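Right after this note come the structures.
Note that chain A is present in both complexes that follow, paired respectively with chain B and with chain C.
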Partner chain A sequence: MSLLLNLWTILAVSLGVFFFLAGTLGLLRFPDVFTRLHALTKADNLGLGLVVLGLLPQMNSIHAMLKLLLIWLLVLFSGAIVSQMLAQAVRSGKLD
Partner chain B sequence: MTHVLTRFVLFALLWLVLMPSLVWYDLLIGLLAVLAATWVSLRLLPPTQGSIGLLALLMLMPRFVWQSVMAGWEVAWRAFHPNMPLAPGFITYPTALEPGLARNTFTTLTSLLPGSLPCEHTRGGIVYHVLDIHQAHLEQLAREEQRLADVLPTARHRP
Partner chain C sequence: MTPSLALNLALALLLLGMAGWAVLVRSTQAAVIGFMVYGLLLTLAWARLDGLDVALTEAAIGGGLTGFLLLGAAVRLRSVEHRAMLQAPGLATRILAALAAGSITLLLAFAVLTLPSPAPSLAPAVAENIAMTQVGNPITAVLLAFRALDTLLEALVLVLAMIGIWSLADDRVWGGRPGFAIAHDASGILHYAARILVPIGVVIGGYIFWIGADDPGGKFQGATLLAAMWLLLVLAGLRDAPRVSSQTLRLWVVLGPLVFIGVGGLGSWVAGSFLGYPQGYAKLMIVAVELALLPSLTLILGLLIMGAPKREIGR
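The block that comes next holds the complex of A and B.
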């Protein structure tokens, strides 16, 4: 059982790292602020989600699990909100 | 009053997740923090017409998460692809949603859709930046709006 859980952790965290890598690659390769915002918010959200899901079975209390999930939700929502605020600022010419 | 109480209880639960201690001085600090959070939330988001029910939000959650999976996958594919297939551009989605809470919820939910990023509210609707202008983004946004309107009956100001 714990072998299975460990395998799950390795798989999910590795996948998460893959998406963080994708987000960073997009940040470096994509041509402008808007496309880079896509890369950062979307790929990193998913990467963090997978890392959190992977770490869940390694936690030793329900409370620690809830905390992890809460971190993910907060990052998910702040990413969703901050990305549109940044895009709005760029479009209105307040940022370059 | 029920709004205030609901928010207070939610913030209290949040505090207990962050600080799982039942010692009296921890609870005292928690009470102060929860009162402050409730006050701030009531100032920033007054419980007026068309506030969104917790249940409605929870019903939207699975979709929100699934879309963020698809969106992450889509952007990762473009970032890794040697030719980097991008056809970025702006589209305007003429929404029927009430400005304010309903529309803001919609932009937040759709900011995680694959390939689209809301970036401006204009008189003509919401302007989205999209990674591929040839995809059927407007149709997808219409579907999302319908879903939101289903759980939020007061959201629309015209049929």
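The block that comes next holds the complex of A and C.
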């Protein structure tokens, strides 16, 4: 059982790291703010999400698991807000 | 090479690289952003060293709050930055600066490398006496019992810093509100963020404050989070910044330091030394001081970011 859980952790965290890599690559290579924001959200949503899902079975209490999930949700939320604000600032010409 | 060593090495290299970037990059704003990233990396480094209390404080105060203050300064300096860049200092000045900075680096490196091993430590003394303070987190015991005077002075320094920032105000607007008036946009994204995030942030801030007695956390980290939530409300236009002439505001700002000094005075009367706690009441006193400091620190940290008064009273 614990072998299976460990396998799950390795798989999910590796996949999460892949999305972080892809997001970073996009951030560096994409031509404008909108596409770069699109790349960043991949790292936040999928990357961090998979890392959190992968780490869940390694926690020794429900309390710690809930904290991890809360961190993911908070990052999702702030990422969504910040992307909106950046995109709005660019569209209104306050930023380039 | 073990994975943990590789991670430490990567972290150290990233820290050095980020520090170099913050010093060498030409744009002030980019340097400040570099400094904030450096703070986040330093947080990771402290967490790797099992200094979770320090890591939390670095994330909240070192990277977060200080970074935010510096960012504000960079924005204010933007109009003169270009002109300042043109007035490049002469060769002699540069050589002198390089010599001074270089010798400080060498001195620091020398000091670190010649530290006795094992380093002198008061940790055993703290572990021996922590039961007396009735708190479980040794950091809290040091900050509020064994070295309470340092913490008191820290709180007073913050009040002084706030007064210093206020005193930058024009005479015309003295006593008014800091920052610019922000129009409230009920369909705006910040309005939405403030409505959702502030209740969650207040609960987490309170949790971090309360857990500080036995686990990493405490009033400074909690107060930073609460101050951030207050700033979010102000930025979203849901609440205006307070008038700095408000007596209620000033009362709350000095409440924490006053209670701290009062508890200290009580100590010299009951326990025989300033800031000494009477036998058996240490935990109660510590919680009282922390509880009084929390609102004061929240207000002070928020007001530090809001800056000097900019609008006349009544506007």
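Things to note:
Assume the second predicted complex is superposed on the first by the 95 of 96 C-alpha atoms of A that agree within 3 Å, B and C clash if a C-alpha of one lies under 4 Å from a C-alpha of the other, contacts with A are read in each partner's own complex, and residues count from 1 in each chain.
In this text, contacts are C-beta pairs under 8 Å (C-beta built on N, C-alpha and C of every residue); 3 or more make two chains touch, one makes a residue touch a chain.
Everything numeric here is computed off the predicted structure, so don't read it as measured data.
In the superposition on chain A, A:36 makes contact with neither chain B nor chain C. If you count the residues of chain A touched by chain B and by chain C, you find the higher number for B.
Shared interface residues of chain A, touching chain B in one complex and chain C in the other, are 77, 81, 84, 88. The part of chain C that touches chain A in the complex is made up of residues 189-190, 192-193, 196-197, 200.
The touching residues of chain A, counted against chain C in their complex, run 74, 77-78, 81, 84-85, 88. Put simply, chain A touches chain B in their complex at residues 18-19, 22-23, 25-26, 29-32, 34-35, 37-39, 41-47, 49, 63, 66-67, 70, 76-77, 80-81, 83-84, 87-88, 90-92.
For chain B in complex with chain A, the residues that touch the partner chain are 14, 17-18, 20, 64-65, 68-69, 71-76, 78-80, 84, 86, 88, 107-109, 111-112, 114-115, 117-120, 127, 129, 131.
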